Amino acid sequence: MSTTLRVAVLGANGRIGSEAVRAVEAADDMELVAALGRGDKLETLVDTGAQVAVELTTPTAVMGNLDFLVRHGIHAVVGTTGWTDDRLAQLETVLAGSPKTGVLIAPNFSIGAVLTMKFAQAAARYFESAEVVELHHPNKADAPSGTAARTAQLIAAARADAGSPPQPDATVTALDGARGADIDGVRVHSVRLRGLLAHQEVLLGGEGETLTIRHDSLHHSSFMPGILLGVRRVVRAPGLTFGLEHFLDLNLPD
Amino acid sequence: MSTTLRVAVLGANGRIGSEAVRAVEAADDMELVAALGRGDKLETLVDTGAQVAVELTTPTAVMGNLDFLVRHGIHAVVGTTGWTDDRLAQLETVLAGSPKTGVLIAPNFSIGAVLTMKFAQAAARYFESAEVVELHHPNKADAPSGTAARTAQLIAAARADAGSPPQPDATVTALDGARGADIDGVRVHSVRLRGLLAHQEVLLGGEGETLTIRHDSLHHSSFMPGILLGVRRVVRAPGLTFGLEHFLDLNLPD
Amino acid sequence: MSTTLRVAVLGANGRIGSEAVRAVEAADDMELVAALGRGDKLETLVDTGAQVAVELTTPTAVMGNLDFLVRHGIHAVVGTTGWTDDRLAQLETVLAGSPKTGVLIAPNFSIGAVLTMKFAQAAARYFESAEVVELHHPNKADAPSGTAARTAQLIAAARADAGSPPQPDATVTALDGARGADIDGVRVHSVRLRGLLAHQEVLLGGEGETLTIRHDSLHHSSFMPGILLGVRRVVRAPGLTFGLEHFLDLNLPD
Amino acid sequence: MSTTLRVAVLGANGRIGSEAVRAVEAADDMELVAALGRGDKLETLVDTGAQVAVELTTPTAVMGNLDFLVRHGIHAVVGTTGWTDDRLAQLETVLAGSPKTGVLIAPNFSIGAVLTMKFAQAAARYFESAEVVELHHPNKADAPSGTAARTAQLIAAARADAGSPPQPDATVTALDGARGADIDGVRVHSVRLRGLLAHQEVLLGGEGETLTIRHDSLHHSSFMPGILLGVRRVVRAPGLTFGLEHFLDLNLPD
């Protein structure tokens, strides 16, 4: 008996969408049954027997698409952004009417980025000091990156949980900005450099040693393994899952 | 009621031992009750009411010391090396006669080194490629380091568990040694450089991204936080524990 | 009087060639006057008044193209490979008949790669230890990379010039390959990892300190600044120049 | 005929001074003829025939010591700080009366730190972007470090010389401090982390590539090779030399 998954892609003509089409086609355990762009009919998904849909459209289109998918029992892996508490509550209501259907929403499908955050969080309590350096191309509009800000918050929360004291820092005189941005007591530094794409380094330091966790993203194809993993897992995860980390096996082995 | 632990150090005059004496003295929740060197009487430990002993002597002395400690219900944190299956079995027998006493034996007390191994192990299944680069001072006699070899084995085992295919490698022509040592299919590279101490980098790569976990050990004082953590935890861990990782809380939070 | 350079590209339809066309068009001080592909007539270069030609064709075509260019007084910047002593001698003969014409041949147009080699060479005499780690995608056929091998040779030569003793290395027991390939006494390590492109790290170590020079190449567009620099400089450099480094101002300022 | 240099150390009981005593003793081409501490008589230097004195005392003592040394024709290598334009002018006057005597004053004797600055300066004109990240132990009082500030100034000056435009940076919204301190248009970031000593990274980026120059200082013994190099060279460099870089051979070979 075949275990091939019947997969559709919504938003198939976008930059990430077209990459997802190729990734599904290349996966041994999946069959691409539909690749829909703007204006294509959702009914195609039912006609082709899609089991999972990868949703990579726009904040405007995503709620309508998910409503259709969930009501037809088609699982969804969602990369589209713009999620608010209101929207998530609305989606939960739809899911309540189709209790076997699963939806994964992930702000970041890069497995490396997700692992960096989880490892930083797990290690934070064991070190006196922790800072984050993120490095991006110079066309980026915000500093620090959302991922770096989130990482700093997770580190700060883990330190608080463990009862860690404030970080040691004897700085008396400093040029404005030298010590970075302060996010819940964790310093974050943003480098902008031509030639870079998206990189992040978490530095943890204790007596006589440091631990550095670095993620380098060199191409948006880095989202594909995470999307495929989401497709494989969402069929066994009814209800709403927020964040790819819940589908990663991170119970560290002994 | 005070929770101050009464701690002794055996091998208190050695390089690590003398550092351990200072670390115990500096810890708010511990009291140093004895610091024994070669020739000092073990009975002192009973007289001073030691609850935990840090054992940092020699392979020759360690078995006799542990026999005394366990029979007197004194927990032990052991950094002395030279453990074989025979010796461990012998220790288990002694422990069977004192079921409330705990002994922690750790090949590496650096929390950073232990976390590097655990994170590498947890991440390995999610990446196509994994290699290890270790960098040490040029007075080191073996290559690769024991820690790097162990890390490669853990990565290889995690890949096998997950059913990962062999690593991609199109090398056709190579200078002898260029691609490093092959440990269970994981390549390990050893750099020897004046000015370095002990450093290790685990490189994991997938489509469009890489994850790097790096540990830098700059001083043997890096063992102290791990030793103190061992002291605090061993009193609640009867029986034999092998490896500091068992005392680290690595169930990654959601 | 305008200083705009009239530039042609040969091999304009190739991967690097088409990028060169765009780079010349985007340069304020250049005008693209011809973009020739296979089968196009070289006479176009004369008709359009090309002053410099960027030669990015094939080893088969390059000698004929350069013969035409030099005889017509058109300077050339050459990225095509396959140069032997015979071919270089043949080109020198052609150049002797047109003493005002300049030809730059460069094995590597990446300014970062060239600087990495020069800095390694300049620093080598001041450190006891030096090793090279190069990291590439796993589709690469050779190990180490040509650039890494060349870098090791330059380091070895600089050490010999300075009368440096052999590098310190107390390794007694080693797994096969752990210490890398030995190129003139300099160890070179080759990492192959999915997600990487082309990266090189030169590690130099002395008493209490290390100096690391790292080049990361993330896209072949990194050749363009070097090609444009070659175009600007070759018009003032009659005769044959081999290697972009001769056009870089590296007399380090005081 | 022997070429052994007769060397004295002033400030021989200080942390750096005692290290210098050992370094001179260990050097094959030097003989330690005097090691003076506070209160010792300078006449000893004449009696022992010292040719070069390593001056590692205090800003209070240094001017008197140098006056004695220069008037007796003893060359000096000076690590003591506190130099102002006034003091340097005063020293030049003394040197005018002893035209064969050489004095080297160096703010930094680490060869790696000096090379990092020189390489950053030489490379700066070839890249669109340049930033500096310095990382130190958390007991440091100032941010950024003096070396990082100086490096940024040198990069800015090299860019100005080359007519480079301002660095690209599309940042619109930023947390306070995220983009670091601005030194003449070059961003500098200061990390403070337990476990670190003194580290600096210069990041240079252009189209499709980055060049990173990193200096790690792990022990103050890193000053010794630079001090010994100063001793060897100052005997052939009459007058005042400010900065170790003038004694490094940095005319990059072809």
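We just call them A, B, C and D in the order they show up, numbering each chain from 1.
Keep this in mind: contacts are C-beta pairs under 8 Å (C-beta built on N, C-alpha and C of every residue); 3 or more make two chains touch, one makes a residue touch a chain.
Here is each chain with its UniProt name: A, B, C, D = 4-hydroxy-tetrahydrodipicolinate reductase.
This one's a predicted model, so the numbers in the text were calculated from it and none came from an experiment.
Chain centres were defined as the mean of their Cα atoms; on that basis the chain farthest from chain B turns out to be C. Although chain A and chain D carry the same sequence, what matters here is overlap: shared residue numbers make up over half of all numbers found at their interface.
Averaged C-alpha coordinates give centres for chain A and chain B that are 33 Å from one another.
In this assembly, the C-alpha centroid of chain B lies 46 Å from the C-alpha centroid of chain C. Measuring from the averaged C-alpha position of chain B to that of chain D gives a distance of 39 Å. Looking at chain A, one finds that residues 127, 195-196, 204, 206-210, 216, 218, 222 touch two or more other chains. Here chain B touches chain A in the complex through residues 110-113, 115-116, 118-119, 121-123, 125-127, 158, 204, 206-225, 243, 245-246, 248-254, going by the rule given at the top. By the touch criterion stated above, chain A contacts chain D in their complex at residues 127-131, 133, 135, 138-144, 149, 167-183, 187-196, 203-210. Note for the complex: chain C touches chain A at residues 195-197, 216, 218, 222.
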